[in-house]
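Each of the next two complexes has chain A plus one more chain, namely chain B in the first and chain C in the second.
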Partner chain A sequence: MFKPIVLFFFMLLFTNTSATSNYGNRHYISNKLLKIFGESSSDILNSEIMSQIQIFGGPCSLMEDVNQDQPMGVNCPNGFSDSKVPMNSEEKMQRSKVVSNVCKQLVKRDKTFKYAIRNISTKEDHYYTDLIKLFYPFSDEVKEKVNKLKKLNIKAKTLDDKMRKILELICLSERWQKL
Partner chain B sequence: MKYILLAISFIPFLSLAKELSNVEIYYKCYGQLTSDVPDDNDIILKAIINEKINGSEGCLQLLDMADLNESGDIYDYKKNTVGLKILKTINLFHNTWFASFLFDMANDFPMTYDLIEPEAAALHITKNLLSKNIKYEEIVLGNDVLQGHRIGDKPKYYVGGGKERLEIDYNNFGGLLIDRGQLIGVKKAQKNRAVFNKFEDHLFYPKRHEKKYDIHYSPGGGLLGENSYILLNSGRTLGVTMDGGNVMPRKYTQQLVKDLLCRNLPVLDNDDVKKYVVKDSNISFAKKESCMTCHVTLDYTAALLRNTQMITYDSGGKSFASMYFNEVDPKISFDQVTHFKDLNYYKSKPHGRFVFKSLNGKLLDTEITSFDELGRAITGVDEFYSCALVRYINFFTGKSITIEDLYLRKSDILKGEHFEILEKFKKEKSLRGLVRNILNSNIYKNGE
Partner chain C sequence: MKLINTLEKMNKKISRRNFLEKLLYFHGAISLHGRVFGSDYLQTPNESKDVLKYVLITMYESPPRWLMDSLLKPFDDNNLTTNPKIGTRFFDLSNPFEPKLEYKTVKISGINFPMIWDEPIPSTNGKNVKLSKLANNLINIRGCNMNRDGHDANNIALETPNVGQETFCGKIADAKDSLFPAISLCGAEVDKDKSVSTSFYSRKGLKPIGTENDDPNYFEQIFNIFTKKNISGLTSLDDQIKVKKIFNDESDFSQIERVQKKLKKIESINFNQMYQDYLASHKKYEKLVKKSIQRQKINGVTDIAVKGLVLPQEFKVINDEINPDDYLGAYKVDDIYIGNENIEDAFHTANMPTLANQFAILELSIKYNLSNAHMVMIDPMSGLTFKNSYEVNKVKWRRNSDKVTFYYDDTLYNSVKGKLEYLNTDAHNVGTYIGLIGWSKFYMAVMSCVTEFVTFSESFDPKRNHFNDLLIHLTSEFEREPKHNHSGSEHGWTGHTSVLLSGKIHGTHVLGNIYSNSNQDTDMFENSGTWGKGALVKEIGRTIRYVDILQSMANLIGVESPIKGFELFKVVNGKVQLNIERAKNV
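Entry: the complex of A and B
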């Protein structure tokens, strides 16, 4: 949807403005995206985020899953050793690649996209703000982020398509993944 | 080109650190404690938005939602979903403090995972954090055997066995199985409920012993004496008895020094071990000071576990393993460590020494005759507190500091506030107090 160079610099735009470098683990990232994109996103989140325990961190409990077809289930994809992985991972490159792939899929899929925008205003003055607030609900830099997004002058045939592009850009940013 | 210029114009601004707002502080601790994001109708979040409380106060209130009641369960767990999320996250975190996860010979005795709580050590820390008016020392004192209180549908399988084995192997032990499902609290295992009358001591040439043992027995020492912790860390395989020489449960000491004190061996210098060197020993390491800088700590603590033996209910497979504490034969007496192989060593009265030099330079060398005494000795080491501090600081700030950084003041991440929090923790001895002090600190609020 976007040229790589544009995506790279736009990700920088939303990059860390505080000193913390604590990325959320797979449970946090998955729960956050699930709240934004709804239950229809769970298959993508399970296969792309929850399974990548080495990239995102976030241990599991062997005693928790009782209804998976496989004994280790989604939570402990690699077995017993997954109960000892770090709570958080500082791995960045692969994380960025995986999140990028997930964002593209979630925005492309009609059901998840419609869920995300179900309460978004169609007025131009509002939808930028509403979309940003999905990922940054309490940021004090929303206005600034809106202005920067508007400067990109994103074009699309329909409003839905435009929102898809904006939503993907915000989803690709890094700051919402940090705690 | 315009995108590049646009992005470059923001770079100087990007590197600036900023103080987190009250809502951001709450969002941060909520994410860390629950691995989730707060709902819009979150009562604490609303109070922060309405400026009734600040972010740190919100975080402390959030932590209080995971208080355990007198039964050891999360208060009002049927409605308190936030409390349950915190319990889950915190216990997962505490479980990473303890590196071992494989019971020895787990392939041969898979049911071990279903009868002996693999997360027992973590549950001691979790219970300590989420209970009121409890000292941190209690994690290594007393003979409570802890299990997760979990609820859920009937499992389709058990950890150690596949679905197809469920009906065949587990019926006899149905009432003793570890709970599976969502963790709602921490419970004490009932003594004398899981008593067995026989065990075997070899996989291929098993000898059957008609002796009683309770898999929920603990000799004391809190998590240190848990069947689960010893079984995960003894490093000695089925049936092996200790001989005071080469065969000792050294891995246990090595692991507890890592798990609870964040240290790797050796922790002693050549000068510290001179009196322990045995020049005429027939064990090579006992003759050399450099070897004994590790072996003094390893062997003298392991001497307390001299009568432990890994056994199995049935060596025919589809069974479980347990630790067995051999009875003391009053006619047999051995010193703490013999450094000479003797096949009767394991029958002598268990006693040893805890010899450990802290990074603050203080050498502790004390006799231990019980697991509670081992626990008390450990609580006398500075690292007992600083290890927990380092683990929580790393968890809450995302910065990696080591215990060596702390004592040698190597890392530029360290601030005076780290040491103030540590001193308070050592004085108050409250794990809950430690976490509250971190959440209330500038280190946390400023994201520094």
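Entry: the complex of A and C
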């Protein structure tokens, strides 16, 4: 009985499997950021993410969005062909570049930044956790991540500036985009 | 007897359970060996430095290639069974409803090529060059049986016959690091979901970049995201990477890190200069394409006036069941019969606009070393206009004993003006006239671009001939078998042609056997003559299959083939050693 189990683990140990990660599509990414940064972020999200249907995936609905082979606004910018893009996205250099630019813009913009931190505690031990929870609400290793983030020794003149930097770093961390 | 005894003994010794146990140990041992000794088995392939760049140019939906690069009689002793619908130029038009074509060839390096290879083709310096220039570095593989019908399946199979596993360009992308793993240049009319680039699969999880939408500016389509100015962040790149490491597990992080490194490299590209180069190249290729299609004369094809159809027409009945295509098929193109005009005039407005985009991007890729793997899917010719034409469904007939008269039953018009959005490369309904003229122009356009691209790669860098580092693979899904009448051709999936061009290949070589006249179950019609159907190759013990082409190309490029096949040839110091017999017609 013992032998097959050992064998099974032996096999697993030396078997190298790989799988590509599935990233959330444009609706997923856009909605997530909209929820964090508020309505004032929608112009950036629409122009940079929702319209990049080929990069982020998330087809437009054939029944609702495409009546003819015509551009149909931000949800279906290229018409019929947008109904055939994949449901989700995979690792792409273009995607990484776009999300990076979007994060930086949203953190820099006062209105969106203020919205994001409106419920964040100002106590040091808490704001790290709160900022992480914005992007990773169900993460169970927050304490460990907070400690690691603290070790970066992020410096800023004001607390707001420090939070901006932390928020930017977490937004750029990428893991939250994965399904 | 001894063997049976041994097996019986083994059977007694090894129970099923023991056998499985040993199998698992064996698997583990091989994996361990791979880990320790760096074998490719179950591992990410090591990077190799000597990998040729690969350019796949596929003519999507398979136009007939017998007038271009499917060599039907490469050697004088090859037996050719003529088919009046297969030819390289018009021969006898005395009966315009039964035009006769001639398979006229020209000898290049002792091999018979279709006549178009001796025709002058447009070039950038205004002088006409000849296609025969390309034959100096060419391997032609014909008679490959694709084993299944269907454009989509066979287009995808050009990357690998095993979808979901590593593919040919995926192997190249894994084997040698480049800024972009692969570049996919899909024509605007090509169904991206059913074409070769959709099957791309790399073990490292790399993804090709390429055309994603219908924007006619391919540079903007592909590079727009990268040309956008980076928004400067509040935090250092170093901190950003550290945080990525905190939030991602090891394998995800290594992938993210790789992407970040690539993005940083890409940032150093001078996109402004690249865009200027793109515009210049695009202009150059656009000119070549338009001249090839709209103005270049081809001996025996476009230098003679071929008049369109005039109705009514009376014929002697051929079959009891009247099919207009049996009588008027030579004039057919999709749902019209070409009316009374010089047929070639229809091409004065025709064009292949995406071709210039595709070759301009290819030039950039070679010049700026952007990628090692390229997949180009060529669009059909578009924009043909007819002053007069007859709609097929309005052509009626009256039968009077053994005579039948075709007339146009339209009370409003004698004939209608026609505009053909595309000359359908899937030439089921492209008749003999428009077929010979149209495909000659199509190939003239494609090959003038290929020739220019080869010249560019040979000469743009005074220090290095980049054609020596390049393998161009010119192909389509399969050949075509002419119909029994003149109205078009059907899928010839038992015959496929691949043409390989590279500075690494010295000389002109033709491989693969074809039938001179086949009457098998897999033929569409009886006695179609010589059209390119694959026949047995004795060294392989079967017809050539696409896996053999992949295997041979992989060896030439310097990567592992995604699937094992028979190595048809070997290139050693530029010299081609054939592993199968000289091309025969059987």
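What we mean here is this: the second predicted complex is superposed on the first by the 148 of 179 C-alpha atoms of A that agree within 3 Å, B and C clash if a C-alpha of one lies under 4 Å from a C-alpha of the other, contacts with A are read in each partner's own complex, and residues count from 1 in each chain.
Note that a residue touches a chain if its C-beta (ideal position, glycine included) is under 8 Å from a C-beta of that chain, and two chains touch if they have at least 3 such contacts.
As the structure is a prediction and not an experimental result, all values here were calculated from the model.
With both structures placed on the common chain, the touch criterion links A:54 to chain C but leaves chain B unconnected.
Of the two partner chains, chain B is the only one touched by A:87; chain C is not. Of the two partner chains, chain B is the only one touched by A:138; chain C is not.
When the shared chain is aligned, chain C comes close enough to touch A:107, but chain B does not.
Shared-chain residue A:24: touches chain B; no touch with chain C.
Judged by the touch definition given at the top, the superposed model places A:38 against neither chain B nor chain C. Judged by the touch definition given at the top, the superposed model places A:169 against chain C, while chain B stays out of reach. Looking at the shared chain after the overlay, A:149 reaches chain C, while chain B stays out of its contact range. Annotation: chain A residues 10, 13, 15-16, 18, 20-21, 81, 84, 90, 148, 152 touch chain B in one complex and chain C in the other.
Across the interface of their complex, chain B is touched by residues 5-6, 9-10, 12-13, 15-25, 27-28, 31-32, 35, 58-64, 66-69, 71, 80-81, 83-88, 90, 137-138, 140, 148, 151-152, 179 of chain A. Residue ranges of chain C in contact with chain A, taken from their complex: 21, 24-25, 27-28, 31-32, 34-35, 42-44, 180, 192-193, 203, 205, 207, 209, 212-214, 225-226, 228, 230-235, 239-240, 242-244, 246-248, 251-252, 255-256, 259-260, 262-263, 266. For chain B in complex with chain A, the touching residues are 3-4, 6-7, 10-11, 13-14, 16-18, 20-21, 23-24, 27-28, 31-32, 35-37, 88-89, 91-93, 95-96, 99, 101-102, 113, 118-119, 148, 150, 152-157, 159, 162, 178-183, 395, 397-400, 446-448. Chain A meets chain C in the complex at residues 3-4, 7-8, 10-11, 13-16, 18, 20-21, 52, 54-55, 78, 81, 84, 90-94, 96-98, 100-101, 104-105, 107-108, 136, 145, 148-149, 152, 154, 161, 164-165, 168-170, 172-176, 178.
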